[in-house]
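Both of the next two complexes hold chain A, though its partner changes from chain B to chain C.
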Partner chain A sequence: MHNETPLKGHISKRFDHELEDIRNRVLTMGGLVETQVNNGLKALLESDSATAKIVAESDYAINSLEVEIDERCVQILARRQPTAGDLRLVVAIIKTITDLERIGDQAEKLGIFELELIDEGASSSQFVKLEHLGTLVSNILHNALDAFARMNAEDALLTIAMDSKIDGEYEALQRQLITHMMEDPRNIRNTLRVSWCARALERIGDHATNICEYVVYLVQGRDVRHTDYASLTQTNDD
Partner chain B sequence: MHNETPLKGHISKRFDHELEDIRNRVLTMGGLVETQVNNGLKALLESDSATAKIVAESDYAINSLEVEIDERCVQILARRQPTAGDLRLVVAIIKTITDLERIGDQAEKLGIFELELIDEGASSSQFVKLEHLGTLVSNILHNALDAFARMNAEDALLTIAMDSKIDGEYEALQRQLITHMMEDPRNIRNTLRVSWCARALERIGDHATNICEYVVYLVQGRDVRHTDYASLTQTNDD
Partner chain C sequence: MSIQQTATAPAIAQTQTNQKIMTSTSDTYKTVGRNIIPNPKFSTRNVNVFYGDKQAIFDTSLDIGNNEVVALIGPSGCGKSTFLRSLNRMNDTIPICRVTGEFTLDGEDIYAKTMDPVLLRARVGMVFQKANPFPKSIYDNVAYGPRIHGLASNNAELDEIVITSLEKAGLFKEVKDRLNAPGTGLSGGQQQRLCIARTIAVSPEVILMDEPASALDPIATAIIEELIDELRENFTIVIVTHSMQQAARVSQRTAYFHLGKLIEVGKTSQIFTNPRCELTENYITGKFG
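Let's look at the complex of A and B:
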């Protein structure tokens, strides 16, 4: 297939360069999103209003990167007409940035909830309950971005398996919060806010899982959405 | 650009046919999703356990359509290498089916929450509070699918403007539910379930809005995500 005329070589090189450029922008976007999530967690756990403000107002950079990368993907499809692996990469990128942008939306909520709490002069002591869930979510996002950066399907499948731990922790936390609401009804509004943060974190885990699914699809050419992951990977439970 | 040799005409025709076939599958998927949402609402509002069961178990058809359409889109990109409007249509379809699938996930939750309630032998009387929000969401979804089917950017922009009404109704409902939880703490678990259903409905509205944004992008070639819609359309407030 590789007809290495000088012209063809030149075109391929420019194409590779463009594709690499898009990939780098996705990694930049991933880095911004990861910072937003970690800052959101910091704002909640340390009652840090300055960081909360940054998180609540930094979404625009992520949004504009999404629109920009999306446009570049459409342009590369139109002008370069990639096939096979390159085509799947572009499609996976189009999907990945949608999930990254929505992770950004969820992270923004963490900052907004913290600011609301501070505005009302309410205690943020309950937010410490989010620490374990927050660590799990921060880890799954980091691993998902790593799997994407290195296009490693094996790591992506292991990362997908982490999501059930997050779901378990989320369910346990919700039960705990409901009990707390029954015991202390006057504080329901604040407890609900903790619950909404937990939900935002859980959804970040879901989006990270989606990104891993695109990586598997890209590398192995198989679609693992809506399948039982247990049959796809042996998770190490040590 | 249109070089109408018989061969070219033949290829275009087959291409148009393939594209039309994909578009029809998206409309089928949209129809399934709409049925799921309306059945989910029926199950909640009429305490209808048979319908709730159908909703809780019908997600697989939507999921498998998503995977199938996605694969057809990649194939058409690889084999036909569409450009301009056709390319944007394929990209818009790839995005649209992701949102349709997620609407299906949210509808499934409505069925599951209703079944949980029945299992616990709890009263479903509070679910009537969801009626107005449910009607708004059912309408926005219907309009979004209509705008997609007819590729009508004007209708899409008008539909996007409907989402702020949904957000307002959602916020009002949440405040009402919080008050109810404070007044009747023993019933918190059930009231929370109503709140989760409201959240699922609100997210369906968001996904419907996303679909409308893809239609605008497709027809007008401009990206309206992350912009102020008020500046794009005059809504009729009569």
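Let's look at the complex of A and C:
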């Protein structure tokens, strides 16, 4: 019995190698994305302009990995005609890297908005505390990547459940930010920047959730997108 | 009649825990998936086939529905061709071969003493791996079956049967000006379509195909596959193929055989994306068994 979709064991060793290779590249891409998000958070919370600059300028590496992995997946589809677990792996990877790339874009936004805030002599902490949202988002992303790396559908399902906390926290922050805008309209420009940062973090949570859904598809072969969490744990019929 | 239970329920429970079903290597086993369906065209129960002392098929039960294409896949020597040949009693011609179990076509026992194998083979036609036209004209190849079975009362009727069969086999346009030319002079793909025309000329109910496209190039293969799809409207088709992509393209249900056992049966869409048995998964993904 195996709990993971094994990549090895094909009669064609080269096919084993190709699948292992794209999986490793996704893990590398995931690592880069996680670093970008964590650096973006650090820049935002500590008003660290050097880190913000790095974040704002490092997205290209993620983008080029996306293109590269995409091309390798197309080659595997064309040359190997994968089936069953192999097919689900390739499809899951094609979708995962799209979400990873978008997480990268959101992280880049954190850097850009932080640089603008610093230019204006402002800081997010003047308006709201983003630490809690940041921790939640950092954790969900970490767990999603971990579930992918270990191809663990149970962990993926547990991680999906974390997103509702992020949504709740984001709503609470929006209410606080609106209050600031109403109190002093001169704050609106910077408050909006902070609001966009919160929005970017919330979106990262959504993308991490998507990745978890692909992990469930990859491992169990069932599509749990657009399903409410309660029914996710129920058994599906043929 | 003892009806083998399907193992659908435990199969679902197991996929929920990410675990593939390991099939026991002992002689008693259960086929995973829906091997038994309501209102089948062809029904087989507890089939065992022996060549002398060697058992080639073990306790296999499989239903084939009306107007569906069922693909039998599996590694060489797994018994899929043996099983296919037992469906129109082709194994009768092998002296050491012994077949047990129930085979019913529309509820009628095809191994009954009263069943004439020649008439059975008109109802259950067969197309082989290598095109085998008779050394006769294209016309006579197709007319052969209708003549011996007396399906036409005059030449006009026979012409009609030959033309319709060639049309259904997608060959008429290519050969209409040379119906009296020898069938062996056609290209490989055309010969195979001629054999299909010859098979359908006697209006069979079921067509068995044993690797019908394995000796053909991709274009001729695509034409045969397109033809299979069209023939499904009027016939029930069972196809043995080594090409997994072909099984995936042409069939509605797929049955996986391994060492003489029917391991798993399911919708083709499910078998090729999420098979329930580890053996099936290993075979279709090209892994060691």
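Just so we're on the same page, the second predicted complex is superposed on the first by the 217 of 238 C-alpha atoms of A that agree within 3 Å, B and C clash if a C-alpha of one lies under 4 Å from a C-alpha of the other, contacts with A are read in each partner's own complex, and residues count from 1 in each chain.
Assume contacts are C-beta pairs under 8 Å (C-beta built on N, C-alpha and C of every residue); 3 or more make two chains touch, one makes a residue touch a chain.
This one's a predicted model, so the numbers in the text were calculated from it and none came from an experiment.
Within the superposed three-chain model, A:Met182 lies in touch with chain B and out of touch with chain C [touch as defined at top]. Look at A:Thr35: by the touch rule set out above, it reaches neither chain B nor chain C. Look at A:Ala153: by the touch rule set out above, it reaches chain C but stays clear of chain B. In the superposition on chain A, contact is made by A:Asn63 with chain B only, not with chain C.
In the superposition on chain A, contact is made by A:Arg88 with both chain B and chain C.
Within the superposed three-chain model, A:Gln220 lies in touch with chain C and out of touch with chain B [touch as defined at top].
By the touch criterion defined above, A:Asn139 reaches neither chain B nor chain C. Within the superposed three-chain model, A:Ala78 lies in touch with chain B and out of touch with chain C [touch as defined at top].
In the three-chain superposition model, chain A touches both chain B and chain C at residues 81, 83-84, 87-88.
Residue ranges of chain B in contact with chain A, taken from their complex: 60, 63-64, 66-67, 70-71, 73-74, 77-78, 81, 83-84, 87-88, 91, 94-95, 98, 178, 181-182, 185-186, 188-189, 192, 223, 225-226. Those residues of chain C that touch chain A in the complex are listed here as 8, 12-13, 15-16, 18-20, 22, 244-245, 248, 270, 272-275, 278, 280-282, 284-288. Chain contact summary for the complex, chain A toward chain C: residues 1-4, 9-12, 15, 81-88, 153, 219-222, 235-238.
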